[in-house]
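Structures given as structure tokens follow.
Shared between the two complexes below is chain A, which pairs with chain B and chain C, respectively.
Coming up: the complex of A and B.
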């Protein structure tokens, strides 16, 4: 679910298109956009407080064989939420090989992006050196 | 009191059209795309999300375009939109210790685990107008280091806490935090209400209040223990699932301000911390928030609370720019009836004064 929630729509569409046979599903709920109250911790480690809300879209689907998939993803994209719910349901039990492959490539893309961002930040890490004072 | 008045419909309609034309600007210049606002005016987007208290980059960009770049108006638009959405629940508290850091600096320790990471900052720029940006300003990609940052970036406060020099945070007792969008205000306010109000408070107000504590109206002696900005994962436990799932990531700025504390009868001298956490990249806001958070603890720490920044009611009742802007600007709405009664009152008072004056003159003449 963590991988699906972060995946762009094109990757989700491609993963669905690669499924054979193509799954049939019934939407049980949504896609519906609402909000989640994001909480922080006082001082980063203490009691919780309400920081502010974020938009979230949720969707629940039932596949033809009865498996149910749920998705809650940041933002307001109903199509992404529905696709994520379908793929989440499909991944329950034995994961179809094409989906396993799609999930692996989504995960790899997300890790690569995270690595790139981290290396860009790491290039601005300060290397201190001592100055010799004369006299 | 304002009364409903008829008339003005046509004028209002035409005013809307006038506004739309002004907002669009010269027709021979391409219209601004939301992607441009989101991508190139990112700090404005961040401020609107923070003060609207709603994290959605695209909606904030839309609000900025609709408000012609008036960020307070844009926050107002987003606040109004927010009331149309249901709330699915509250997230688990963010774990900022495992933030994917883009920037992390400490003014208290030179060498700290994870290092000083400058990230994208204006701090070391010369503040000279860059005329190369006037032309268009295509930019080369920023360099990448060979290795990513350390996975572990402990908070500076945890280093001090390890030595027992930092007053520990009250542990999470599972108590539901106050939600100022649903619970009526109470003073003195719980710290959860204070932090929520400051996180959505006006940047200028929070900054000025924080500044006042530095200038002697609150007597803090702060050090920027740590400022970090980066991505944190948001997790929710949906009722129907019963276990946490990741919704995605949001960008936040966190500030831990380290302050002196003389100690009390029951506590040894130690450092205390003021805390700031805001949506997006907003260091000025997060630092102001951390200063004010600490100032508002005065009473709890047995310090004398005499300055504006230490006054819960003063700070919390005035930090919200949607509220303050609404109340100041409502003065523009018709107050014809109110003013009529004021007019009558002042005429009557003047007539009475005139009468008394005439009486005095008569008595003097006799």
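Coming up: the complex of A and C.
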């Protein structure tokens, strides 16, 4: 689900198009956009505080065989939420090989992007040295 | 009902819920009139469509819901669409749904609110067989010019007596919505009901 929620629309459309037979689905709810409060914690033992609200779009669908998929994605893109929900439902039970492949490549792309971002952030890190006073 | 048979709610959640809310408001202002509600396309089979519409319009996470055994199949649907808590004890409920009119818990045991907060009283939603035939009831009270005589088919035997006891609690008390098909009749606690 996390992989689907972060994937771009083009990747989701491609994964759906690769499925055969193409799934038929009925939308149970949404896609609808709302706000959720994101809570944060300072360090590992700090108290929870409200970091801020973020926009989230959710969708729930039911496939013809009764499998239900849910998706919550950041932002307001209803189509992405619907596609993610359909693929999430399809991935329940036996994952079709084409979908497994698509998920693996989405995951790889997301990890590569994350690594790249961490590397660029790490390159700008400033190291502070503490001076120890003598005597 | 399992998750696999979950059906969608209103086709246009905001617009349809607002239309149904407006219709219920009109019905509450004029007790005894019959409102026709905007209903979901495929409500759970065990709920009358108007009962499903009332749930989608009025019930949410802040209103604990009690449902009778006949409506129990719809628990998954109600939880999914309304996000409500379903309680086993009708005394804790904000809404009491009886798909089988005879399964309504004793009205005197339901939450009638407090004198400081009479608005917190429970609302009963009761499925009846139909309007326009059956037992005749004479309604008087706010929103009615003189009296209004209505007939309701399939009301449980003790309903009128229980309602009379409820009416004496005013301003506390429970409100009732009778539903049949896509129609609803609102009987607020301020309305006095007698058999005609």
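FYI, the second predicted complex is superposed on the first by the 121 of 135 C-alpha atoms of A that agree within 3 Å, B and C clash if a C-alpha of one lies under 4 Å from a C-alpha of the other, contacts with A are read in each partner's own complex, and residues count from 1 in each chain.
We adopt the following convention: contacts are C-beta pairs under 8 Å (C-beta built on N, C-alpha and C of every residue); 3 or more make two chains touch, one makes a residue touch a chain.
Since we're looking at a predicted model, the values are computed, not measured.
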{"item": "Clash or fit (per the criteria above) of chain B with chain C on chain A", "value": "fit"}
{"item": "First, second, both or neither for A:100, with chain B first and chain C second", "value": "neither"}
{"item": "Of chain C and chain B, partner touching more chain A residues", "value": "B"}
{"item": "Touched partner set for A:27, first chain B, second chain C, both or neither", "value": "second"}
{"item": "Apex chain A: angle to the C-alpha centres of chain B and chain C, given in degrees as a multiple of 10", "value": "80"}
{"item": "Touched partner set for A:17, first chain B, second chain C, both or neither", "value": "neither"}
{"item": "Chain B versus chain C as contact partner of A:62, first or second or both or neither", "value": "second"}
{"item": "Which superposed partner A:112 touches (first chain B, second chain C, both, neither)", "value": "neither"}
{"item": "Three-chain overlay, closest Cα atoms of chain B and chain C, distance in Å", "value": "6"}
{"item": "Intersection of chain A interface sets (partners chain B, chain C)", "value": "32, 60"}
{"item": "Complex interface listing, chain A residues touching chain B", "value": "1-2, 5-6, 32-56, 58, 60, 70, 72-76, 114-126, 128"}
{"item": "Residues of chain A touching chain C in the complex", "value": "26-29, 32, 60, 62, 66-68"}
{"item": "Footprint of chain A on chain B - complex, ascending", "value": "49-50, 53-56, 58-59, 82, 85-94, 96-97, 100-103, 110-111, 115-119, 142-149, 155, 157-158, 169-173, 175, 177-181, 191-193, 195-196, 199-200, 230-231, 233-234, 236, 238, 240-241, 245-250, 252, 254, 256, 273, 275, 277, 279"}
{"item": "Complex contact set, residues of chain C against chain A", "value": "3-9, 13, 80-81"}
